[in-house]
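Below you'll find the structure, written out as structure tokens, and then a few comments.
Labels run A, B, C and D following the written order; every chain starts at residue 1.
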Amino acid sequence: MSALLEVSGISVSFDGFRAINNLSFSIGPAELRAIIGPNGAGKTTFMDIVTGKTRPDQGTITFGERAVSLLGMSEARIAREGIGRKFQRPTVFEDQSVQDNLLLALKAARSPWCVLIWKPKASDLARVQVLAHEVGLADQLQRKSGELSHGQKQWLEIAMLLAQEPRLLLVDEPAAGMTPSEREQTTSLLVSLAKTRAVVVVEHDMDFVRRLNCRVTVLHEGAVLAEGSLDHVTRDQQVISVYLGRG
Amino acid sequence: MLETSGLTLHYGGSQILHGIDFVAKPGEITCIMGPNGVGKTSFLKALAGTHPRSGGSVTMNGAALPLCRPQDMARRGLSSVPQGRMIFPLLTVRENLETAFAVLPKAEHQIPDEVFTLFPILKDFLSRRGGDLSGGQQQQLAIARALIMRPKVLLLDEPTEGIQPSVIQQIGHVLEYLKAKGDMAIILVEQYFEFAYGLADQVYVFRRGAVSFSGKVSSFDKAVLRAAVSV
Amino acid sequence: MSRSFFAKHPSVLIFIAVLAIFTIMVTLASDAYGFGWLSTSYIKTLGKTLSLCLVALAMDLIWGYAGILTLGHMAFFALGGYLIGMWLMYARTEEIVVQALAHGGLPATPEEISQGIASQIFGVVGTSDLPAIWSFAYSLPLQLALALAVPGLLALVFGWLAFRSRVTGVYLSILTQAMTLALALYLYQNDSGLRGNNGLSGLQNLPGLTETSQDLVSIWFFWASALALGLGYLTLAWAVSGKFGSVIRAIRDDEARVRFLGYPVELYKLFLFTLTALIAALAGVLYYPQAGIINPAELAPIASIYLAVWVAIGGRGRLYGAVIGAAFVSLLSSVFTSGRLPNIPLGPVWLSWVDWWLVLLGAAFVAVTLFAPKGISGVFDRYQRIAPPDRKGAPLGPADGSLQKQEAQA
Amino acid sequence: MDGRAAGQAAKVDLTALNPNAGVRGVIAAALVPFTLSNPDPARRAEALTSIARDPTAETLAPLRASINREPDPAIKAQKTRLERFLTLRFDPDPAARVAAIDALGADTALDVRAALNPLIATTLVAAASPPDGNIARTLRLGRDIGETAAYELLVSAQLAPARLTLEDQRVALIANIADGKVVGVPVADLNSQAARDLVYTALEEAGKVPTAATDDEARAALASHGFYEVFLEPDVTVTAAAHAAMDRIQANVAVMQAADLGLDALSLAAIYFLAAIGLAITFGVMGVINMAHGEFITIGAYTGFVVQLFVPDYTLSILIALPLAFAVTFAAGVAMERLVIRHLYKRPLETLLATFGISIALQQILKNVFGTQARPLTAPGWLDGALTFNDVVSISYIRIAIFVLALLFLCSFLYLMKRTRLGLEVRAVTQNPAMAASMGINPDRINMLTFGLGSGIAGVAGVAIGLYAKVTSEMGADYIVQSFMTVVVGGVGNVWGALAGASMIGGLQKLIEFLNPANTLAAQTYMILFIILFIQVRPRGIIALRGRAAGD
């Protein structure tokens, strides 16, 4: 199986502090992967590097069948290549309606001129309707997204990611601040998404990771400490000592 | 004595703490345990006033505390050693220690010798910049800085995180010394089980923003407690 | 523009109707086509105000919608004025020179004419050569094209430099202010080719229409300004009503997020910056023939800040707010500074409106910023009962400070 | 005299007895030997001055003779120097003149240059073949001398006929109009230069107008002549020596001009620094854009003016004004922080607008109170004049005072920040406001005091700037953009950044002014353009520090 995202040997330091240290990582085209690790292990920095927000000091990142290098691409360009990212805090555009948020994310030409003359076709509106339905916001389309509850905002953001139709989805702590039933829903959604695309989930909550039932990568001090099934990594002595309680 | 009842806290729309009842007594180390992301740090922030609580009450020595700003909490005798140490990187070690004078009367604006007895290394580094110290040294500085404030309640958030064993041991001794002195309540958030178990008198285990169980450490079997805390 | 566009945005229809009624009323009240209730100079003031409303629209688009506080758009406005002023002054001077030379015994040669024009225009700064930048001043179409091309190009180059290196927020404001100042200082020079601090004058006299009275000219320009404002409003209302408006408001609120959605944010900013500069230049082209004179003081950084003040007082992020703000403040300003208002006796001293108007404006502006961030058009919201989403005190923009992110991790 | 008119006389009849230069020379020459050896040194010095003012060949010999007998060493040195000037001009022996020139070395004094200049003065000569005399150089047509100028030279040397001016041509054509035609061409057709030339040539051929040089003739005349720069001084060795001496001096002058430029730049940098340091504190440390900073400068200057109304002694009044200006603007700053800025933290753009509102209001209030005309803020007498190192390098005392004041401010600011409790708390709040609050430091109070401090310094800067610039209600506005530039270029967040920014902008502005001395406005334009480009390279300024404000 050829990898969709291939990260090899990347390092980055901030003011002398090595946030990522010779990290290599790869993920297949339709795979669900959880990344865990203690605070400061470099999880967020890793996402920043893949999405182009941070430029690594060394190493290579390639994406897709043709193995395009992501280095030197702008964030927007990388997003158009098909990498979507969900932030910890829900970042939806609170001043705009749910529908506008979704239309914004819908896959379409992104240049100013194209956007200026773009008008939603019936198929676009239908797609928005479907997406909204999928995340349970079908009857909220005309509401301002700022009025939604925290959980609904999370859902809206996930729907926006789906609208982008990314081939790789990076999700940062999706379950933070969710109620148990919302967590349940999120889990099943992520699992079903991963059938058609690659999904990388960064999470603290072990219960949540367990329910995802997927390969786990443990990061520590900017490098991969262990990789395998959750049971495998939780038996790993190193993992236990740095992450699970040092005892 | 510090006491909370029904304390809640929100970040924007999301509720992080769901009604915490909590007691910490002077001369005791009260330890808060639990995995990442269960609201331990948020609880300390609510106590220190860095993030306002959204409900519930806090009393100190019997007097109810209104919602107040961190500087007012500091003046009431609460000092904290936050996660990540948060020393002032561009100030020298001496200046870092001197920031604590803000809550003391002018006549007492000097660094007590006790600090250097507890943390001898700081004496050698007085004129170095805080940011140039190693993690362990920064941690000692952060604790020393908090002690100069002569707190009634001392909050420590993961003081052993990323610290070499020798310094962890030293921090342990300091905490035992402070406990023996008996003039402050020590609240310790810790994931290093052995360390916490060795020091704590009382334990609170957090799970998803609520206290899952609590009690005297001596009343729990060690293996059971560890299993409860781990995952 | 379908019917549903107006149906969805009734404010556009209302605005166009109000503008049309206003135009008809002013026409009826004018000396030229009506009953002469309004003086010609007042018609000019109204026409100028409409042009200012147009540039305020541009400012609202880039600041209110896209969140880019530029303090340089009055420079593009004035640049447009300068460039059209060059033709007005050249062509007008040409007529005078040709007339003067006609009495010289021989018909004038082209050299004599251009020599005459040059010394007429530039005698005041001590030269009699026509600078190279006046090469196209003889032709209205060329100069009109330049009046848009030059500010547009300047905005393009400056915007590219600024946005490319991701200069944002107050840094961008200061940088645009510096650009304006640089341009103003350049124009103050006598050898800038634009008559130094004398500026260009006599712009109210249209070449070829020497016999036409200013009564007529003023109402024509009033119409032109009203038409430009109406068309500008329609175009911008259409642009911001669709996905484009959605994108730029999203850029205002969280530009990093927009980038991760795949939108080239810098390109959008550059597009907006250039587009609004063009609108500003167009407004300048309409304004200065009514003002009659332009000099480098018009480019002073403070002019661009006033522009921001108008938009803020009117209400950011809605087009009619900008128009209301510009019209309200500039008309009020002309009332207060006209000296016609009676002074108020305050014990031994008289409070003169001319002297205290700016103090009042400054204080009002501080009050608006502090207490009514939505400006005058916030009143319309209250009338329509539009309540902003309750953010529990959180700001609209990107999360301020990583502190909260760390908190959320805990 | 009894008060009656002595008589009437036409003005022209009354001419004063004005000895002409020749007569004066004779008189002077006759007097010189006596005065040069007058026992009174003052009289001798006076004589030297008069010779220096009006040097003649006749005075050379008596001057030389008097040198050896001169008892006063200062006057003797003066005499030796003057003797050289006279020798290099009037000595009959070229070798002696060359020796005198060489003895001058690379002295940059103005009188040396004045003495040398006549030796290397030239005239332009047009001639068919190289003229006799000391030729400095042969001019190449089109490169060293323009065609128009060259032809004018030919005309003035009567080597070629004058060219026809367009005006003369026009007059001549008009004079020859007959029946609306000139030599058969209708007047209406004479609306191009080509047509007029054609008609004029026809008139020439008809002999009705004087012949004027055509373009071809003019070109031929130019080609058949050479153009030369000829030294007035006939001796080749003397001119060569004088040239060499002049080159040495010029090189020396260039070095000194650079030094002078450096001093100028330094004092300008000091002014920018003073104007910007307060802003560096409020903008850099607190992230607050204070557009009213310029008005605080103005308020400081007016405070100085008001103090001078009550305290007539200028030294004393300045000493009172400095702390008073600080106090007044400190209070204004604190008031502004409490009333407005406090509500706008973390909204930098709104702060910018609100403070702008305050700025226009303050400016107008000042205008209403003090009027529009410039008010004097007079410096004490001992600050008049300039410290002069030589004829090239000098700096006015007032600029030195401003420089010293800036230095003083830098030092006291550093002292305040590094050695006082307040400074410690300010730095703690800047680095981590939340942690500082946890230590019991009240960030609100610190912000208020910091803002007051920044504003207070603006007031003091106002007094300093008022001393050398005019005090108007708009003076502060002139500095605001420059000050922002200083802070942005230098790097936000620390005083060294402001210093670096001020030095760079001051130095750059002086340098551009030096390269383009005619136009200080252009210098400012270019400087701002440079800054815009500079920010491309270093968006965070020269000295980039991470701070609260750097996040924006």
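Everything below uses one rule, namely that a contact is a pair of C-beta atoms (placed from the backbone, for glycine too) under 8 Å apart; a residue touches a chain by one contact, two chains touch by 3 or more.
What you are looking at is a predicted structure, and each value in this text was computed from that prediction instead of being measured.
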According to the touch definition, list the chains common to the neighbour sets of chain A and chain D. B, C
Could you find the two chains linked by the most C-beta contact pairs? C-D
Centre of all protein Cα atoms: which chain's centre is nearest to it? C
Approximately how many whole Å separate the CA-defined centres of chain A and chain B? 34
Can you compute the centre-to-centre distance for chain B and chain D, using the mean CA position of each chain? Integer Å is fine. 65
Chain C and chain D have mean C-alpha positions lying a whole-number Å distance apart equal to 37
Distance between the centres, which are taken as Cα means, of chain C and chain B, whole angstrom: 58
Going by the touch rule set out above, which residues of chain D reach two or more other chains? 434
For chain C, write out the residues touching at least two other chains, lowest number first. 404, 408-409
Would you please write down the residue numbers of chain B that are in contact with two or more other chains? 11-13, 16, 37, 83
Under the stated contact criterion, what part of chain C meets chain A in this complex? 239, 242-244, 246-247, 249-250, 253-254, 256-257, 259-265, 267-268, 271, 388-391, 396, 399, 404-405, 408-409
Would you mind writing out the residues of chain A in touch with chain C in their complex? 39, 51, 53, 74-77, 79-80, 84-85, 87-89, 91, 93-96, 100, 103-105, 110-113, 115-116, 118-120, 144-147, 160, 164, 173, 176-177, 204
Please give the residue numbers of chain D that touch chain C in the complex, ascending. 166, 170, 173-174, 177, 187-188, 190-193, 196, 289, 291, 340, 343-344, 346-350, 352-354, 356-365, 367-368, 434, 477, 481, 484-485, 488, 519, 521-522, 524-525, 528-529, 531-533, 535-536, 539, 551-552
Looking at the complex, which residues from chain A come into contact with chain B? 38-40, 89, 149-150, 153, 173, 176-178, 204-207, 234, 244-247
Counting only contacts in the complex, chain B reaches chain A at residues 11-16, 35-37, 83, 161-162, 191-194, 197, 226, 229-231
